[in-house]
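Here chain A shows up in two complexes: once beside chain B, once beside chain C.
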Partner chain A sequence: MDLLAFARGPALTFATAIFVAGTLWRLVGVLALPPWRDLSPAREGAPPNWLGAIETVFRKMIPHKTFLKAGMFTTVNGYVFHIGLALCVFAFAPHILFLKSLFGFSWPGLPNGFIFGVGALTAASLVAALAYRLTSPVLKLISRADDYVSWLLTFLPVVTGLAAASHIGARYEMLLALHVLSICAFLIWFPFGKLMHAFLFVFSRGATGARFRHRGAQL
Partner chain B sequence: MTAKTTVSGVAFDAQGDRNDTDRRDAAMQGFVRDFARTAAIHMESCVRCGMCATACQYYVTTGDPKYTPINKLRPFEQAYHRHVGPFAPLYRLLGIKSNVSIDMLQEWEALLYDACSLCGRCTLACPMGIDISELIKEARHGMYKAGLVPDRLELMDRTTKAWGSPATPADDFSDIIREAGEENGVPVNVDLPKADYVVTTAPAELTEHTKALTDVAKILNKIGASWTYSSAGFEASNIGYINGDVELQEKMTRKMIDNAIAVGAHTLILPECGHAYGAARWEASRWYGREIPLRIIHMTEFLGEVVQSGKIKLKKIGESTSFHDPCQLVRRGGVNDAPRAVLKALGLELKELEDHGALGWCCGGGGGVVSNTRADPLRFKAFELKRKQVEDANAQHFVTACGQCRITLTLGAKHFKWDQKVESLLELVADNLQD
Partner chain C sequence: MRHDETLAAEMQRRGVSRRAFLKYASYVASLMALPPSAAEALAEGLAAARRQSVIWLSFQECTGCTESITRSHSPTLENLMFDFISLDYHHTLMAVSGQAAEQARLEAMAANKGKYIVVVDGSVPTKDGGVYSTIAGISNLKMLEETLRDAFAVVAVGSCACFGGIPAAKPNPTGAVAISELAGGKPLINISGCPPIPEAMTGVLSYVLSFGKLPELDHLGRPKAFFGETIHDRCYRRPYYERGLFADGFDDHGARQGYCLYKLGCKGPVTYNACATLKWNGGVSFPIQSGHGCLGCSEPDFWDQGGFYRPLPTPLGAMGPALAGAAVAGAALGVGAALAARSHQKTYLAASEKEKD
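Coming up: the complex of A and B.
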């Protein structure tokens, strides 16, 4: 078995199993905890909790202007690499073909050259995020090993993907194998670190949204 | 009680004579008991983006990263991951998450009590929606259990346990009310066996702002309400809620509400106190396990009701004012419109502060900070933000609806020799009732 076959086969299967099991374990482990039931009467005209939660999931996508002034870089750069990552994963034709082989359905992709540009921009944005984390006194203080591991395991699939798409640095099969292996590493780490925010943000925003909107408070 | 300093030079107080291991274990038990579902979700969700720093008055005015709100939760977070989180057994097995040390707890005491007013502005800044302020309040539960609380706050706790209030013995309460009535020429009701409204107080009314005791009486008399103060349940500020003493929080909540139920009241009126609103309006049912069988409203909501329903008519002052939004009332309590409606009824042109409503800056003294004299220098730094915005608004009056905010702002003005009177919404209404 060559490296590419190993990456696409046992490695990806193992990584996916860890990803699915770990993600479920973490989500269930948190959501199965008993809630503190809020029995206070809601503010007159307050939406039901589920609606307050959903509203907040969307409301929190744009920071308040007053926080945007100081958090402009974090916000804009965050949007750049999140959208960039989403486009690279879900709008690149070879990825769509791969996902079709898994799920049986597909959707139109974007031109490869465009996705390559998006990938390069995403990589640059991730480098900027790291530079900011390493130089901001606040971020330096609050960062954990998880922040750097999560950064690396997000960055590697992007750069190996760019290398594979441009056939730079090694044989295509080798580059593709490294790309797939980097994704395996990403999937294995995902449930254990902050990458889980991809799922947790819904619950986190929603819980606060339900609490605040019940009180008639704005978020 | 002993005042000490950590290795890094941070002052901390410690109560009781316990060894470090017992103290730490007590903190862990206090931390761990609070991880219900929402707290756990929030402990799992931080992406360490630092946005919360931009919302915190203590960080913004000092530039010191240690005041970043999420950093204040570090021991709480460590306890969560080691003892509660979904991977806690794995982390313990691999030794990835170490136990919280006593040094860490001592170091964090000042961050949890001196450098957080529980104002919740950080909650609004967090892109993940983490309710950091609520988590800090819960982290204080463990600190209280460990006996690592600022002495001044612990003193108020002990006083409340002994007297039923941090301000005055319950035995003296009825005399204070009657004296205030005589001094201000307002008929007052105290310890009536039955009434529709029970009025409660906070320490501010029983010390600096005694006129407020008769201001509310004046309005209730005006609308012909059946009402009373009660020696058996008058204290609403609930120092247990602020300190992290959950047993005292429950006791004070039950005492106040059980009394109101016994009196047969349909409405319990909370004083002009922000934390009283958080403790009673939103958390009281936690101790009862069911809805409370009476309405609990803040003084500002009461004023809004009697003004908007036309039960009282007000003289028009006809000048301009700015308004300080008490955090627990507005940002965390949702009472944004009522104070503004009352100001309008008073004929006051509202000149909003640059940051107002849910986004307003805290007075700097909430969460017990104003009572914790050790925190004075930091509190005065935070005050600079509010002062600038009030000056920029350039209004003739400056009004608020929380006695503790009023004290904090008045102390700040005095410290900086700033000639700015801080007025009470209740007092303005009582002083401008039409005959």
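Coming up: the complex of A and C.
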């Protein structure tokens, strides 16, 4: 069995199984916890808890105006690589074919040249995010190994994907195998590190919003 | 043609002009991506070359490789090359049969000790002493070992000889192996494909005859001149791939427009061969041009890559059962963790109440 067959076969199956098991473990573990009950009466004009939760999920997509200027770089850069990653994953024809093999349906993709450009911008944005993390004293202080591992395992699929698309560094099948293996590493790490925020941010923001809005706080 | 006669003399005898011969040398040089100056060296080498003894062994195969090389767009100089070679043994093409054929092989081996080239198409069964394929009562395993002993070099022709091919496909009931596993350190050239391109075979042979050495090979022992680029890299449908225009079926709008066949399982991006440039049937067409994706036939284990119509990005094998099992296990773990947290919470609250009392 060559490296590509190993990557597309046992490695990808194992990694996806870990991803599914780990993600469900954490999601069910959180969602099956006892529901929060605040016995105090809601502050006058406070929305119902569910509405406060949904409002906060969306409102927090843009920082509060007090912090808008100070957090401009992290906000804009964050949007650049998050949208870039989403486009690379969900709008590139080969990725759509992979997802179709899992879910049974597909959607139109974007031209490869466009995705390549988006991928390059995403990689640059991720490098900028790391540079900011390493140069900002506060951010550096609160960074842990999890942050760096999560960054690396997000960055690797992007650069190996770019290398495979442009045939740089090695033969195509080797680059493709490395790309698939880097995705395997990403999937395995996903449920156990900060990458899990992709699922948990909705619940954590919602829970915060429900509690604070119940008490009359303006978010 | 006598064994001691040079190719130049043979060509002259057949009425082939010097210009035609030089054109052929230039053609081979360009096929093999050699520099322009090499054409002259190639012509000189070929002209001075003596008749080369070739023993062609056919083992577990379908004769497609022989069909390919004999049905090249004739009449051409490639055919003359074959006339030039002393094909001392080839049990499909030779006139004699039975004991006389085997005698011809043994005589050629004795007369050209250390000089003859062995061409092999087909894999070799090794299971149960190699009993699954025999010629004249001799197992392929034994015949190969015997013939290779005094050979100058071995050329594995076709994917079965190069990598085991279809006989070695799962579950490989005969224990078929590639020639490289049995070559015992002899210089080896793999010319893979199912079948290989005729020009790849004749081109490599011309190179060996003129320069007396092996051409530059890739990590799988294939001549880089023919296996240096992927089908995808040189495919005329490549622009459609870049633009994201694909055929979704063999008779849909995309197929009729000639869009890329990637979604239909084309293995062009991971297949190294010259089909897209040399093409087949005298340069008329190749599989992708006729509307079917590349099967990846010149790559190892092409038969076991999950299916010809399975697109490259899809996982090999069925992930469903593994993912269903993982989902159940993950959900069970989550419920377990939540129950443990609830139990811990109750204990904590009870302890707090007790403390207050």
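In this text, the second predicted complex is superposed on the first by the 212 of 219 C-alpha atoms of A that agree within 3 Å, B and C clash if a C-alpha of one lies under 4 Å from a C-alpha of the other, contacts with A are read in each partner's own complex, and residues count from 1 in each chain.
Please note the rule applied: a contact is a pair of C-beta atoms (placed from the backbone, for glycine too) under 8 Å apart; a residue touches a chain by one contact, two chains touch by 3 or more.
Keep in mind that this is a model prediction, so the values were computed, not measured.
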{"item": "Overlay on chain A: chain C relative to chain B, clash or fit", "value": "fit"}
{"item": "Winner by number of chain A residues touched, once chain B and chain C are compared", "value": "B"}
{"item": "Which superposed partner A:Ser101 touches (first chain B, second chain C, both, neither)", "value": "second"}
{"item": "First, second, both or neither for A:Gly29, with chain B first and chain C second", "value": "both"}
{"item": "Partner chain in contact with A:Ile168 - chain B first, chain C second, else both or neither", "value": "neither"}
{"item": "Which of chain B and chain C A:Ser40 touches, first, second, both or neither", "value": "first"}
{"item": "Which of chain B and chain C A:Thr56 touches, first, second, both or neither", "value": "first"}
{"item": "Partner chain(s) touched by A:Ala21 [first = chain B, second = chain C, both, neither]", "value": "second"}
{"item": "Touched partner set for A:Thr13, first chain B, second chain C, both or neither", "value": "second"}
{"item": "Distance of closest approach, chain C and chain B, by C-alpha atoms in Å", "value": "6"}
{"item": "Those residues of chain A which chain B touches in one complex and chain C touches in the other", "value": "25-26, 28-31, 33-34"}
{"item": "Contacting residues of chain A [partner chain C, same complex]", "value": "1-2, 4-5, 8-9, 12-14, 16-18, 20-34, 93-95, 97-98, 100-102, 108-113, 167, 172-173, 176"}
{"item": "Residues of chain A defined as touching chain B within the complex", "value": "25-26, 28-31, 33-36, 38-41, 43, 46, 56, 60, 63-64, 66-67, 69-71, 74-75, 78, 136-144, 147, 192, 194, 196-197, 200-201, 203-209, 211-212, 215-219"}
{"item": "Parts of chain B lying in touch with chain A, wherever the complex brings them together", "value": "35-38, 40-42, 44-51, 53-55, 59, 65-66, 68, 70-71, 85-87, 123-125, 127-131, 134, 281-286, 288-292, 330-336, 355, 357-359"}
{"item": "Touching residues on chain C, where the partner in the complex is chain A", "value": "230, 232-233, 241-244, 246, 262-263, 269-270, 300-301, 305-306, 311-317, 319, 322-323, 325-327, 329-331, 333-335, 337-339, 341-342, 345"}
